[in-house]
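We call the chains A, B, C and D, going by the order they appear; numbering starts again at 1 in every chain.
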Amino acid sequence: MTRRKAAILGSSGMIGQRFAHMLEGHPYFDVVAYCASDRSEGRRLRDLWKLADVELPAGLSDAEIDATNPEALAREGVEVVFSGLPSEVAGKVEDECADGGMAVFSNASAHRMEPDTPIMIPEINHGHLRAVERQRERRAKGGFVVTNANCSITGLALGIKPLVDSYGLTDFSVATYQALSGAGYPGVPSIDVLGNVIPHIQSEEEKMNAEGKKILGRYEEDRFVDSPVNILASCARVGVRDGHLEAVFVRRADVPDAEGVASTLERFSSRPQELSLPSAPVQPIIVRREQNRPQPALDCNAGSPERAKGMAVTIGRIRVDGEDLRFFLLVHNTIRGGAGGSVLNAELAHREGLT
Amino acid sequence: MTRRKAAILGSSGMIGQRFAHMLEGHPYFDVVAYCASDRSEGRRLRDLWKLADVELPAGLSDAEIDATNPEALAREGVEVVFSGLPSEVAGKVEDECADGGMAVFSNASAHRMEPDTPIMIPEINHGHLRAVERQRERRAKGGFVVTNANCSITGLALGIKPLVDSYGLTDFSVATYQALSGAGYPGVPSIDVLGNVIPHIQSEEEKMNAEGKKILGRYEEDRFVDSPVNILASCARVGVRDGHLEAVFVRRADVPDAEGVASTLERFSSRPQELSLPSAPVQPIIVRREQNRPQPALDCNAGSPERAKGMAVTIGRIRVDGEDLRFFLLVHNTIRGGAGGSVLNAELAHREGLT
Amino acid sequence: MTRRKAAILGSSGMIGQRFAHMLEGHPYFDVVAYCASDRSEGRRLRDLWKLADVELPAGLSDAEIDATNPEALAREGVEVVFSGLPSEVAGKVEDECADGGMAVFSNASAHRMEPDTPIMIPEINHGHLRAVERQRERRAKGGFVVTNANCSITGLALGIKPLVDSYGLTDFSVATYQALSGAGYPGVPSIDVLGNVIPHIQSEEEKMNAEGKKILGRYEEDRFVDSPVNILASCARVGVRDGHLEAVFVRRADVPDAEGVASTLERFSSRPQELSLPSAPVQPIIVRREQNRPQPALDCNAGSPERAKGMAVTIGRIRVDGEDLRFFLLVHNTIRGGAGGSVLNAELAHREGLT
Amino acid sequence: MTRRKAAILGSSGMIGQRFAHMLEGHPYFDVVAYCASDRSEGRRLRDLWKLADVELPAGLSDAEIDATNPEALAREGVEVVFSGLPSEVAGKVEDECADGGMAVFSNASAHRMEPDTPIMIPEINHGHLRAVERQRERRAKGGFVVTNANCSITGLALGIKPLVDSYGLTDFSVATYQALSGAGYPGVPSIDVLGNVIPHIQSEEEKMNAEGKKILGRYEEDRFVDSPVNILASCARVGVRDGHLEAVFVRRADVPDAEGVASTLERFSSRPQELSLPSAPVQPIIVRREQNRPQPALDCNAGSPERAKGMAVTIGRIRVDGEDLRFFLLVHNTIRGGAGGSVLNAELAHREGLT
């Protein structure tokens, strides 16, 4: 099968570079353009590399940054676009790409709440991909935008999906311990966060609830119907490089004992696993039974096979006291909660014949 | 008024040294002995000083460590003992002091759950001091033990007391971001917590609920009656020196809007304020209205006057959505949640004629 | 004696706020204007406060930020200006103030290398103040600029001054461990420095040598003559809030044993001490004999009396092996190596009749 | 060729686990026993795993810890022992293994300064392996001990070897920025090092000079002859997980310009490269020309092929001013400066027919 020509937008940033890393040697997509702002045009990707945990793939050592030009991408025959653009510029550029006939898989929030654009987490809502049909009607050349979710809700939505389905839980309270990489670059000034916790992340709590309702909701009769799930979040930034940890509480929950909950989580599997998508983790939710896990520094790269590292969510310290359920959840914020989310979305779309 | 002769137990540790710092020049107590384990005997306090934020008081530059010997303390006429002992040794030594006629104010958990020993936070439960009467009956010479609470519940209990009283709230979910100093010395290995969060603190979650029920409960007919308050906690350690931050959630709460809640918190005042106890903060609960406070590095020393620095709890980001209430709370874990708690207890006991 | 009316430039930044903190209640200077860029005009100082270790002085709780307008300052009768401006804007604004008749004490590097502007560290080169006479000749109304030195060389120059004088040492190699506050705000992105060391600080190594030669040199016949001292520096940024630590090496040094060197350092005293300037530390160089000091978190505020906290340099681990001398040195980079340096300069100038 | 049966001592510690990781699937050695203290006996390696950057190899998921029993190892036919024991217990146990006929490759300092035991860094002193002949004479059954060097001197010695050889340099001053993993586990208390630098590491500076002289010296006429190289070190601990950074100074050096020095370093290659030893980096010294490298978080795993990750030393910021040479150097302290050093030693010994 021929690989689709692909481009990465926002290649000088951390999400763009995760895309570059995850798409190297990808069986479905062949990245032919690494785009960023004019300021970076002509520079080499290796000189802008910001990821500390993974090296620039050897094959990209001479890759150069292009300016961001949707028309030029169309001319070069690019069919698939991965967008790691900042939200404030993403809206316009992604529209131009989609209107130019390209399939855009975006990490930006710009299009997430649109009525014909899915926020997709394939294990949860692969059926939402149908919204693309309606979206295409308004796009001139059959292109479309599919977004991944905010990093914090991605982990939470994935982790609670089996609980919502099995036990009918709806009211989740969650406190987050969010990593620095979630703020992009330059992000949080070091003097603010050194030996400190910052109990605020702009719009994050609102996004978690609004996106959560859409993600966990249904798509029927050509529209999205919100889930009754209600997420009450308090978000804080901590001095961690990668990996958002979340403390989740459900009161008055009709759940089995901790081991029963663990079993429900571990057994969860969905369409990406059925299709053996390249970046799909064999087990999307990993349960740790040690008393002090998951930890961001130890567990954020959970997931197998190799292409799915960082794509599994890890849950630990499941406690059921009477009717009250508590656990900790960890998600890699720039892999599953960022670039990896969109890569998985693109893989699903590809297999569904949309790219 | 003559100052009471006092001794500090555990002077080589961080709580013991907070006692030393807070009791320097105290109007009620005159520290005549700095005790620690035999290993430290004869060393100078200045050579063991562990507090980074405050200096050894000038007057203590030559102070020497004594061995821990309750009988010797009694012989020297010590009437008041401040105990920063580790819980595993505190039980026995504190009993010896109390049985020897001394008033013991302890930070250790050893005696907290005993039926005639109060866990006192004077703004909340000054009336619990009456339990001392019953305790004295079983102590040979009129001594007694009064404990302060676990550091995390101290902040939470103080912060929720006005909400429990005004709005009848009972079910609190709380996620903590706890400072390293709470683990004592040497405490958490640096390699474990560098750029990481550890989602477990031994017995902390259980203590928060059990102690919270006793603290917020009543003392009547010579016994403690638990409060119906129920605290569902998930505790984690973060790379912060001092100051436990807590994300608090109350679902289905019949509360006014955020400003109404703020006002209830700010107006809270109690017996220590009426008595103008030296370490009592003029305003026990400080509300911050900025969108990113409280922060451990900026706010953990809240409280005035000077002697009450670190004795106020700071609450911020109060949000009321429908019936759901959220806020962040910060307490200095080794001052209000440690040594300072016991100093305030001793001040109250002194003014109530018990020392 | 009447206090001189003073203004602070750069009040929204960390150096400007150190000025505000150090000048509160100052016996010589009365700050009547807190200036910053137009962007901050009209905001309250308390809402921009960036210092974590000291609180906004109570008297400044309502202080408002003014725009930076040298003419307006002149009209208000401001005689003394403390500049914490970024170097790229400092040159012009400081010139306008000096040309308008004001005495400018600046932390910026803009004017440091000018032939009639002293880089002053009063314990080292109080005589350089005479250069002001020549500078005044070219300024219309008798104003002038005096600068403090780069933060890293300030500590080093002060620490080596007695060694240069007593033993004729000239060749110093030094590796620095520099604090985040030295980079201003927002400064270093947290993701870059978390669990990391960055072995480069723009122009710092060159400044250390060039400024060091001028500071330790002579002022004679109306010009500065460089010292033969040669400083070979390697500068690195570490995850520390305040306090630059420096590892200093001198090879082939004709020095006494470690205790002899310590004694030479401890005995050092100079003109600020003779004059008992308010911010002059009684002992400018403190020697620690423990095997693991000085440490930034424990020792950066060294110095007494209260107004001189952070004004002393601390030296430790002095080792003499054969002819080779090594030690560690610590300086508070935003106090002695920043705002405090200029405050001391202004105090000297005031006492010398220049303000 | 049959793989030699091997055992790892100290398997519960960080060095022992680096051995386990590096020896998985090794072409020369087949690890049949993971030994640790009695306390860990019977526990699974996966439950004691301490490395955050690499996962337990899949093949070891059920590996169990054995007690440390040299006789039992001999009975099982173990021929090669890798020792990650703490130095205080290493001496005796390693002697028992060597006396029992095993080839011991040790990271401990216990045997380093013995007159017939080499401290080997194969790129520098592969000829020192001959000392083993003499050592075998006193060992009953032909066993021997070969040690790797202290982590800090390992990096430095490797980095300066070409400079010593090419330019006759002898006097090196060096300040270190050492990672937490160098202190073992539990190592440095977090409260001591959070936002701090500790300017002291027990015996490290002395070891660097003494070991450096032996490593860089000659072995002739059956004895070690010290090199005239003199290393004046000041060692400090910083909040970094892995990777010792070192600022190196050479005064009055007769060297070419920076690019000439870089070229000398880059071209360096030695016996391990000739033999293509499995863990030998193709290029032992990597030179970075960016202005802010090497950085521990980005560069500590330098080296290729895959088995040699962390085995190359990275040098950057080479500056030559007049006769003065400065640069920064980075070494992975638990790979090249720890377990990897001994693995390379064992590989060389194997190829030289000694195992």
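Operating definition for what follows: a contact is a pair of C-beta atoms (placed from the backbone, for glycine too) under 8 Å apart; a residue touches a chain by one contact, two chains touch by 3 or more.
Please read these numbers as outputs of a predicted model, since none were measured by experiment.
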Taking each chain's C-alpha mean as its centre, the one farthest from chain D: B
Pair sharing more residue contacts (C-beta pairs) when B-C is set against B-D: B-D
Size of the rotation, in steps of 5 degrees, that lays the CA trace of chain A over chain B: 180
Cα-centroid distance, chain C relative to chain D, in whole angstrom: 42
Mean-CA-position distance for chain C and chain B (Å): 40
Chain centre separation (chain B, chain D; CA means) in Å: 48
Interface hub residues of chain B, defined as touching at least two other chains: 52, 194-196, 239-241, 297-298
Partner chain D, residues of chain C touching it in the complex: 171, 173, 175, 177, 194-200, 232, 234, 236, 238-241, 245, 247, 249, 251, 291-298, 316-317, 321, 324, 326, 328
Chain B-touching residues of chain D, taken from the complex the two chains share: 50, 52, 180-181, 183, 185-196, 239-241
In the complex, chain C residues that touch chain B: 47, 52-53, 194-195, 290, 297-298, 301
